[in-house]
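One structure follows; several queries about it will come next.
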Amino acid sequence: MAFIGAGVLRGMGVTFRTFLETYPWGRVLLRGLRQPAVEGLVTIEYPDVKQKHAERFRYFPFLVYDGTPDNLRCVSCKICEQECPPQCIYITGPAKDEQGRPQKANGRTFPVEFKIDVSICMSCRICVDVCPFDAIEMDNQYELSSSERFGSLILNKQELLKPNEYFQRIKPTEASEVDARLAAKRPKPQPVFPPKAP
Amino acid sequence: MSLPSLETLFVKPAILLRDLFPESARPWVSIGIAIGAIAAVAPLIMMYLTWIERKLIARMQNRFGPTRVGVYGLLQPMADGLKMLIKEDIAPQGADRLLHAMAPILAVAPAILLFAVLPFGRYLIAADLNVGLLYFFAISSISAYAIFMGGWASRSKFSILGAMRGVAQVISYEVPGVLSAVVVIMIAGTMSTVGIVEAQAQRWFIATPWGFVAGIIFFLSGVAEVNRTPFDMPEAESELVAGFHTEYSGMKFALWYMAEFLEAFAVCAFAVTFFLGGWQGPAVPFWVLTVLGSALIATARKLSLPVRVVATALLLAAGLVWIKEPIPSWMWFLAKTYALVFVLVWLRGTFPRLRVDQLMGLAWKFLLPMALINILAAGLWWFWRDSFIGWFLSAAILALSYWLLILANHPARRFEAALSSRG
Amino acid sequence: MLPLEELKSVIQELLPGVPLDLEAGSLLVSSKDLITVCRCLKNTERFSLDYLANLTVVDYPPERMEVIYHFYSMLKKHGPVALKVKVEREKPSVPSVTPLWRGAEFQEREAYDLFGVVFEGHPDLRRILMWEGFKGHPMRKDYIVEDQDAVETLSP
Amino acid sequence: MSTAGELLEVSLGPQHPSTHGVFRMNAVLDGETIVKLKPVMGYLHRNHEQIGEGITYIGSFPFTDRLDYFSAMSNNFGLAIAIEKLGGITASERGEYLRIIMAELTRLVNHTAVTGFLLNDMGAFGTPLLYAFREREKILDLFEAASGSRMMCNYVRPGGVRQDVPEDWLKQAKEIVDHYPHFLDEFEKLLTENEIIRQRAQNVGVLSKELAVNASITGPMLRASGVDYDIRKVDGYSLYPRFSFRVPLGSVGDVYDRYYIRILEMRQSVKILQQALKDIPEGPAISPKGAAMGKAPRTFRPAKNEAYGRIEAPKGELGFYLVSDGSPQPYRYHVRAPSFVNLTVLEDLCIGHKVADAIIILGSIDIVLGEVDR
């Protein structure tokens, strides 16, 4: 079409089509006119409906334990603390007894305290990549908003600890890979990593 | 339910109310009733216009629009109003406080005054002035003062830029607006809005060549005068933050919005009055239309069968209802007005805005000459009014001048397949 | 793309008397010859290095800084040619190449802002990323980052 | 320029709806015409380079996501290319394919969004922008499925990509990519022939070929001015030589060309994507060297060396200049940000135009402040 105003009218046609596509009767009408019509409304009404996230969706890290919370996989090697790009992980440990020797639980050293400042964490997943023990994994819990900066946004060890079953539930593919890897490792004696100097 | 009950739904109670008073006070009482009705209805219209706009635009953008407050977000305007009321009222430092506070009031007052001469239905008019059309133009141009007052008093660069644009735009677009309405006066022979509506009993003015052109020019200038997309230059939010009302907050800001929406509604309503037959239904009996329409739909091959069946049935049913009880005049009026409101929103949902110089160019170089030629076309049509010659001549003159004006006016590069590719 | 050795010999042919060096894949010129060499690189048909892709500075405390230019040719589609100028760290200054390549304008301002290298002849040498009145040049290796103890402030 | 009457100095930004973030233009106006315009930036400066010099090479990846936050994948890709050059790492073939797929998807995301923003700058009430975001969302879902995050992907690594894509991902990607041309058709119907847009955009902000080259303009902006320079073709990095695609070129170099060139580039990207999704081989997603580096970032200690790696990011040439000194951290880490350099000509383009034009010229340059200010 050559006359001036045709482009304008065509543009209005596009918006009107979209307008129709958002109504069921509009879609019926469009199909009646033998036009393709898809569901036009793409909004997810958040608090009522939640977006379905991909399995790999990552938010903040958590610590995995097998069975009971004292059987955590973390040995307090501090690699993640060192590698964390925004430096949001703080580990105290490994736990020592009175003589200054590393304490062990289930044959492993463990951290006295493990804190993640989630208001600094940028969910990059590097801590998971570098962890030699698969002790830290990414959670997909994202409703953590709070008005308290220090009270509830610095997660401590208790808040971070989650069972392996939880991990298996939220990320089945990844968890089964990790489980297989750990099972292959198990017969060997667990190496104890001393904290490495940077 | 008796037949005329719907038609006189609003008139009857008013008369009953008036008759409660002694004879001598009745003219004053009826004026009071009209004023009261308009004052009560105007904010409601404005509030729900915002709701309608938000809903419709949202739908054009794959969204829901307001849904949270009330069913379908129907209470959203109330919530907004409440929010506006309790917000802090800020006047910038160094602003002229008096003018700053007066400007939004000055904007709202004429917008409400416009409703005085609006024939909502057969007997639904507050004041049937014999210069109704002139009154409309006179009152609506007051908004230029309000805009400039607000922009100037704000003491902000963005405001003053917006105000300058606003004044230039409102004044410029008044010219083609008035000239396009001249043909209405010519043909209707009256300036009273009621008279104009009655003159369209046989044929709506939009159904003539000159009326079509004049209607479009009138509507476009109206859109420009109320600063709405694609002519929302004075408040261009992507350039001037918010233009002349950048420095307004709270209820003053709400008043600006109220003025804008009321004027937008008034422009649609007056366009309906002047060109779309006002409160008149189509001149052709409605049942004829429905029968014709249903026949057309029933035989349309392009439609799928269920749609054809349902649509035909609906149309026929509507025709039957119509024969039994005519649609009341005010309903026609509102339906047509809201159809135009939909167009207004639709424009806003689709287009970017023009640039300020292009906007002026459109007014002075295109709409003005077109409106002048249209007067000639209307004269020719009137001269040979009942023959084919009048129709043909006026249509031909308009088409030719449209084409010539486009040729003379279109400096933008045509789109060519200029994008070569290599690789 | 020209091999660096060849490039060097061609330039030396064209500009006798200009000392040139090669270092780690880049051409080393002195700051006073910079404009001559750049003009040669840009205008000689053979090179046509019309596009200055990247300009930056590397700080080697305590004594020197290097200004590095990466050139490409949009016309001939070859490159890169890396050019290095070594400057004093105390009062670093090189001639500006903005008159030759407009593309250097903001990059030189950035280098000035972050490293304190003065580009002589730059039309508008102001800070660009840091605010006016900022003291120091934050990308220098000896710049003290203010809150190094960010960790401390975390516990309330 | 002779001026009648007084000049008005207006500071557009840093809090302004159309400066794409915290950018500021100090404009001097004569009426509505721009006489002088100075860009002011740095409000989002966080010294990305300084941060990069303090952490490992791998540790920089999540920070590059935040450079041009519309095209995180491309930014990762650029840094990966530079590190590969520095450390002599080669990527696995599947990794290369995945990286190209991600980079081209990013280009779609970026160009779609930018076109929407440009229309918003012209004053549209968000409709083109929301259409753009509707489609962009689908690709972001793909990113989420592959990398775990929608925008801050942190997915591409030297040697390939961090994880292989999940099952079915390629199929989903193919569906979305195949649908994309339909969306582009709709988008063009809404925009390309619209008279208002043509009036606004044509012959506005014309950038000449000579100035474009001289001012180091890159990306769609350069090609809109008619210079045939696409790093994917010129450098042939990664596996781009394997794909057949064309480089669209503009003729005038105005805002309209810059808009249209992006639409055409998206169509070419779709072409690349279709080829890549068809030909992608099986195999490891990352080469062993890259995987080892990801597992233990501090083991990667390239010898004293330097490298300048660049890619054709959606906004232009994204270059990373790295100097290593044998330690796990780069000695010098410099980002050559395309939108930063492209801003050089902003004043030249705006002078003599109206305020409204300055806004759309800025929109057509396509800046992201995360990258400009770094």
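Each chain carries a letter (A, B, C and D) given by its place in the written order, and its residues are counted from 1.
Methods note: a residue touches a chain if its C-beta (ideal position, glycine included) is under 8 Å from a C-beta of that chain, and two chains touch if they have at least 3 such contacts.
Note that the coordinates shown come from a computational prediction; the quantities given were computed from them, not determined experimentally.
Engineer: Return the chain label for which the distance between chain Cα mean and whole-protein Cα mean is smallest.
Structural biologist: Of all chains shown, the one whose C-alpha centre lies nearest the global C-alpha mean is D.
Engineer: When the contacting C-beta pairs are counted for B-D and for A-B, which pair yields the higher total?
Structural biologist: Looking at B-D and A-B side by side, B-D shows more C-beta contacts.
Engineer: Could you state the distance in Å from the CA-based centre of chain B to that of chain D?
Structural biologist: Here the centre of chain D sits 43 Å away from the centre of chain B.
Engineer: In whole angstrom, how far does the Cα centroid of chain B sit from the Cα centroid of chain C?
Structural biologist: For chain B versus chain C, the centre distance works out to 62 Å.
Engineer: Taking each chain's centre as the mean of its CA atoms, how far is chain A from chain B in angstrom?
Structural biologist: 52
Engineer: Nearest whole angstrom, what separates the Cα centre of chain A from the Cα centre of chain D?
Structural biologist: 27
Engineer: Do you know which chain A residues sit against two or more other chains?
Structural biologist: Within chain A, residues 4, 8, 11, 14-15, 18, 42 contact more than one other chain.
Engineer: For chain C, what residues touch not just one other chain but two or more?
Structural biologist: none
Engineer: Which chain B residues reach two or more other chains?
Structural biologist: Answer for chain B, listing residues that touch two or more other chains: 60-63, 349-351.
Engineer: Touching residues of chain B toward chain A in the complex: what are they?
Structural biologist: 56, 59-64, 67, 302-304, 306-308, 346-347, 349-351, 406, 410
Engineer: Could you please specify the touching residues of chain D with respect to chain B in the complex?
Structural biologist: 8-10, 16-18, 29, 32, 119-127, 130-131, 134, 190, 192-200, 202-203, 228, 230, 233, 245-252, 256-257, 260-261, 264, 354-357, 359
Engineer: Can you list the chain A residues touching chain D in their complex?
Structural biologist: Contacts found on chain A: 4-8, 10-11, 13-15, 18, 42, 53-58, 82-83, 85-86, 122-126, 129-130, 138, 173, 198.
Engineer: Where on chain A does chain B make contact in their complex?
Structural biologist: 4, 8, 11-12, 14-16, 18-19, 21-23, 28-29, 31-34, 40-43, 45
Engineer: Provide the residue numbers of chain D that touch chain C in the complex, in ascending order.
Structural biologist: My answer: residues 41-42, 45, 47, 49-50, 211, 213-217, 227, 229, 234, 305-306, 308, 310, 317, 319, 321, 323, 331-332, 334, 336, 340-341, 343-345, 373-374.
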